[in-house]
Amino acid sequence: MTLDSMAWLILVPPVLSFWLIVLFFNRWKRLSHGIAIGAAFLSFLLAQGIVVAGLRMGGERLGEEPIHSLLPWLPTGTTVLSLGVWIDPLTVALLFFVSITVLAIFVYSVGYMHGDPKYSRFFAFISLFAFGMFGLVVADDLLMLFIFWEIMGLCSYLLIGFWYHKPSAYRAAVKAFLTTRIGDVFMLLGIAYLYSQTGTLSYDVLFRDHAVLHQLATTPSVIGGLSVAALAGLLLFAGTVGKSAQFPLHVWLPDAMEGPTPVSAMIHAATMVSAGVYLVIRAFPLLSVGLESAVGTPPMLAMGLIGAFTAFFAATIAVAQNDIKRVLAYSTISQLGYMIAALGVGAYVAAAFHLVAHAFFKALLFLGSGSVIVGMHHHQDMMEMGGLRKKMPITFWTFVAGGFALSGFPIITAGFWSKDEILAQAFHAAQSGSWLGWYVYLLLALGALLTAFYTMRQISLTFLGEPRSEHAEHAHETPWTMTVPLIVLAFFALTFGFVGVPEDFPLLGKLFGGNFFHHFVGATLMEEEAPLPLNWVPLTISIVFALGGLFLGWWIYGRKPLKAGERDPLERALGKLHTVLKNKYYVDEFYNWAFIQPTIRLGAWVYKWIDRGVIDGILHTAAAAAMASGRLFGWVDRVVINGGVDSAARGIGRMGDEGRRGLQTGLVQDYIFILAVFVILFVLVYFVRGAGL
Amino acid sequence: MVTVQQVVFALFALMTVGGAVGVVAARKLFHAALWMILSFFGVAGLYILLEAPFFAALQLFIYIGGVAVLIVMAIMVTRGIMGPKEPVFTYAVGAAGTAFAFLVMLALFIVNVPAWMGSAPTGEVAPDGMRQLGRALVMPSAFLLPFEVASVLLLAVLVGALFIAREKE
Amino acid sequence: MVPLSWYLLLSALLFAVGLYAVMARRNLIGMLMGLELMLNAINLTLIAFWRYLHPYNLGFQALVIFVLVVAASEAAVGLALILAVFRLRETEHVDELNLLRW
Amino acid sequence: MNVLQFVANLFVNVGAWMGEVLHGWGLSPLWTAIVVKFLAGLVVAGGPLAAVLFLIWYARKVIGRIQDRMGPTNDGTAAGPFALLQAVADAIKMLTKEFIFPHGRDKVVFLIAPVLVVAVAVAIWAVIPFGPPDAGMQFVDLNIGVFYVVALASLTFFSMLMAGWSSHNKYANLGAFRAVSMIVSYEIPQMLALLVPVMLAGTMGMQGLINAQEVPFIVMAPIPALIYFLAMTAEVGRLPFEQAEADAEIVAGYFIEYSGMLFGAFYLAEFINNLSASFVFSVLFLGGWRGPWVEQAPILGLVWLSLKAFLVFSVLTFFWGAMPRLRIDHILGFSWKFLTPLALVMLMVTALVDKIVQIVGERGPSPSVSPWTRAGWLFLANAIVALVTAWVLYQVEKRQRAQREARRFAVVR
């Protein structure tokens, strides 16, 4: 079997399983999960086969001659629209983690969804989702990517609203669908723009042909000052902002936690949101073409600004959350921000590396939290937990592994290596005199500290101390279908990082083959940039920040665990420990005020308006402000951004209401008339332009 | 000099357009359907003139034998036997007229492409064109995928139309 | 021979008349008939282009077949919908079917 | 050239002679060709009309005998020996009768319908090959011949719908609905069955189909032939598929309001359709004009084909006399639930078996497959499908009987 036919075959089992379950086996629960897992397993085998073959070929060869297979789809006269598969080192990396996480999550779902009345339907939907993700990964042009992108959007909608009898769930589903749609429209515009300029959407031409790239970079676009490449890149990036939940379109992701936990793990942590990052990584040659100043091209500038801001901003919010899944949701947003910001400073490989590593540990964390939720009989408030370490040992240890990876615990976790590479790259950019580099580095480093802190807070609140509620008293370990995926993922969360150890790292660099990942994935771009030499400054800083954050979290929450009834840790912090917190948080405080002052002011104002009681805390202690500001961002999030969107919608509604309602007559022939007018206009414009009149 | 073909063309063109005008203007819907069939016939004749007899037969088979039959039966089911007297047009006559005029003017404008004015085709029709078309429709490198999609569409239509039109208990 | 432009103008005229029927006829079935005329015009254009400009390009012919498929599907589903509407509202006049306004 | 030779290739010779005569009158070659073609058209159109006069007599005789009657006789009338001229007499009677137009009819449509139905019936004859390609016995050999026949048949719907609608009569409407829904249903198995000979011959042209029938297709494809025959019977409205008229239920169906020669037109068209369907069946499955000595005397082709068609027509007539009428829903169900699936299966089985025989045969000692070998395998495949079908039908029947009896006993209890 050739590699390209294997790539095609990856797509078949999931979609087949979807149709089989939907059409025939809806009634048989065991059969449907059997089919779905079987399909996932087949895809897994095929994908790993490709990974092995790709590794054997080596990055350089695969990067130079990617496996490319075309299937003509719609021949129209002289042009042919094709579907195709495209396997290059980046695809291989993606296939590696997507197939593993998908399989793990499928198996996990058997335990998590046990007893749900819509069990079969759930497996059908996640099969369709897996189809979308695999298709997106192996797609060979932007059109096919967009098609699968939208298939995943649909699945996301279906799965977030899976328990549609809950009003919050279906509202979240609609919100997710609409919010991502904003990005998608821009993205489609970008794709259409590229097509109109080049007549093709194939990766092979758009991202690899230097002549085309150069031409795109030098042609001015319709918007003054931007080249075609820059404008198209910005539009594509808008799609990423929606899909990967970056500021200001991140609002849907926390709400999406209304879906079942495997969905949160799969869609909203491991794979779908990764698709957005994958898009920008894939399009990086286009985004970075014409790089002149140290600050980067307009799309890179946008990515750096938005990514770093999001990374920090979301981390602060995560500090103040009590829902076990919401903490993880904000953490996901924050980590995606890391990857985007890395691309903003040109760290192509580091972004891909963190993408893979993050997928492993975030899937693990979500599945772990799902395990906790099942053990707790579907209660998600961390204030009601505590002491689960003894009741759920496997969940605890794997969760700790994931948490440490997320925090970047030195040496033994994947998160450390990947995050460190991003930070080193950002630091490098900063050293070479780019203000964007400083901006990105500082925000990301602070974000790393916060990340470690909230992770430890979460672990402590959930697992340490004594049970704080009835449910926690009676918690139990979950069945093997749930724990085995946890263990598998924990293995990867800990060890995956060793494929990307910097070459000159003492001892380990030689031991693990000298930054294998960098060379492999870096070969995707035809001119590979050499990995940075090891710089001890950012490395030390990130180790200190990671460990410091973890220690801080332990100091506050783990050293003297909460007792039952002490509901709000923030109030507790404010009341008794505020002096300690004050000293510890002084630096964060400063950076908060220095970098996102306007947001905080706005937040403070909103906060005061909503809840007078807590504002005093800010006035009393700056340390508390750091904690509170996280919460403020939560409010900003909900009130300013959601409120803004809502009021805009309401405004449009009112506009329609108070206007003559002229267009909406409900009579089909009026619509046809409007259609005819526009068709005639377009033809006219096209013809006049074509004739050069 | 008027050639035989031009005369035949004029005849079929008259049939086509006359039938179309009949569709628009006929008071009784049944008559409109009959005019439509006349128009279809004209188009079939033009296909023969264009040396595409297969499509002429398809035109008869699908449009007249399928679409027109469906439409006539729908008319007979919905309007009683003869159909009561009622206005033919909606308020949108003016708009439609404007669109019509614009479209025709646009066509007159657009058609002035030199390559389109020549009266001789650029080549002969391949003698085994139909065989080639048949092959192309099932060849993976040509139209296999659209062809299969079309078959799925037809199946969906079969089921969907039955489902929609069915009397619900 | 007949110039290609004659065919093109003829099909444009057919299309325009069909559009008029769609826009102005009060009866849903009448609109549907106009739609069929428009599709016919498209097919005529395609066949004429095929014959005159690219007698060896099968793409035109294949496209005609797909247009036929779509036309047949549209008639079947459209009429089924009209029947359903008629059963529900006892009318098939477009100007009485405006439940979707505002 | 002696008389025998002249007759042996009659049509070509007559055509050539006519051409010479016309040319002698000073007509240009183009106009000569046009006039000769026109005259040939008259012959083709007149042929069925003449044949039908005989066939009406034949059918009435046969049915009379089946029903233990005499049929038309010449006792006390001037209908000629054995009442052979009965049909002519009927035609004269009809021509003299008054047209009665129902109240509220749509006059133009009412008048077009019978004209259209006869025109369509006659137009089919243009493509029927009565003799070998060069014998001047086919009006035009379209390369889509059989498809033309099917496409034209769809026009018959319209004459029915027009007649039904314009009569302003609910029986007429019902008749039209029934007829059209039945014909539309049977058109599908008919088309599918038709595709089998087309596939075996590799062409849709009538002459091509006959050329391919060294072994008549009825041997290679007996089941499709049967399906085609049944669908054809439905198409021409013969019993047991006589729903369109069903005089006991809806009093003569869509042409209830027609009288005089207008009625005669429908009657005529029905017979012409019967006849042309018989001809098409003979061409498709019975080898067309093939028969002994056709090479020597092409005119014999006409004889063989006519004999075959007459045979088919006779079977149709026996059906007419012997079969009861079925209920409309049974008829439609039979088409959709039995004939259509079976025809699909046959299409696939034939394609598969034929291809396998070809591939295997080409590997064998002789490079090409003899037609009889091919026919043997295809016949075997047909036989197997027939057995399987019979088994399935038997199982279904058994289960249904069991259900029926269960129900009966349940009622008793």
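Labels A, B, C and D are assigned to the chains in the order they are written; within every chain, residues are numbered from 1.
Convention: a contact is a pair of C-beta atoms (placed from the backbone, for glycine too) under 8 Å apart; a residue touches a chain by one contact, two chains touch by 3 or more.
These numbers were taken from a predicted model, which means no experiment stands behind them.
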By C-alpha centres, the chain nearest the middle of everything shown is C
Which chain lies the greatest distance away from chain A when centres are computed from Cα atoms alone? D
B-D versus A-C: which has more C-beta pairs touching? B-D
Measuring centre to centre with CA averages, how many angstrom lie between chain A and chain C? 46
Whole-Å distance, chain A centre to chain D centre, using C-alpha means? 69
Could you please state the distance in Å, as a whole number, between where the Cα atoms of chain B are centred and where those of chain D are centred? 29
Would you mind pulling out the distance in Å between where the CA atoms of chain A average out and where those of chain B do? 51
Could you say which residues in chain B touch two or more other chains, in rising order? 58, 66, 90, 92, 95-96, 99, 103, 142-143, 146
Among chain C residues, those touching two or more other chains are 19, 23-24, 54, 62, 94-95
Among all the chains shown, which pairs meet the touch rule set out at the top? A-B, A-C, B-C, B-D
Where on chain C is chain A touching in the complex? 19, 22-24, 31, 54, 57, 59-60, 62-63, 94-95, 97-102
If we count contacts the way the header does, which residues on chain D are in touch with chain B in the complex? 104, 106, 109, 142-144, 147-148, 150-155, 157-158, 161-162, 164-165, 168-170, 173, 176-177, 180, 184, 187
If you look only at chain B, which of its residues touch chain D in the complex? 28, 30-31, 34, 37, 53-54, 57-58, 60-61, 64-66, 68-69, 72-73, 76, 81-82, 130
Footprint of chain A on chain B - complex, ascending: 90, 92, 95-96, 99, 102-103, 106, 109-110, 140-143, 145-146
Can you tell me which positions in chain A touch chain C when the two form their complex? 75-77, 656-657, 661, 664-669, 672-673, 676
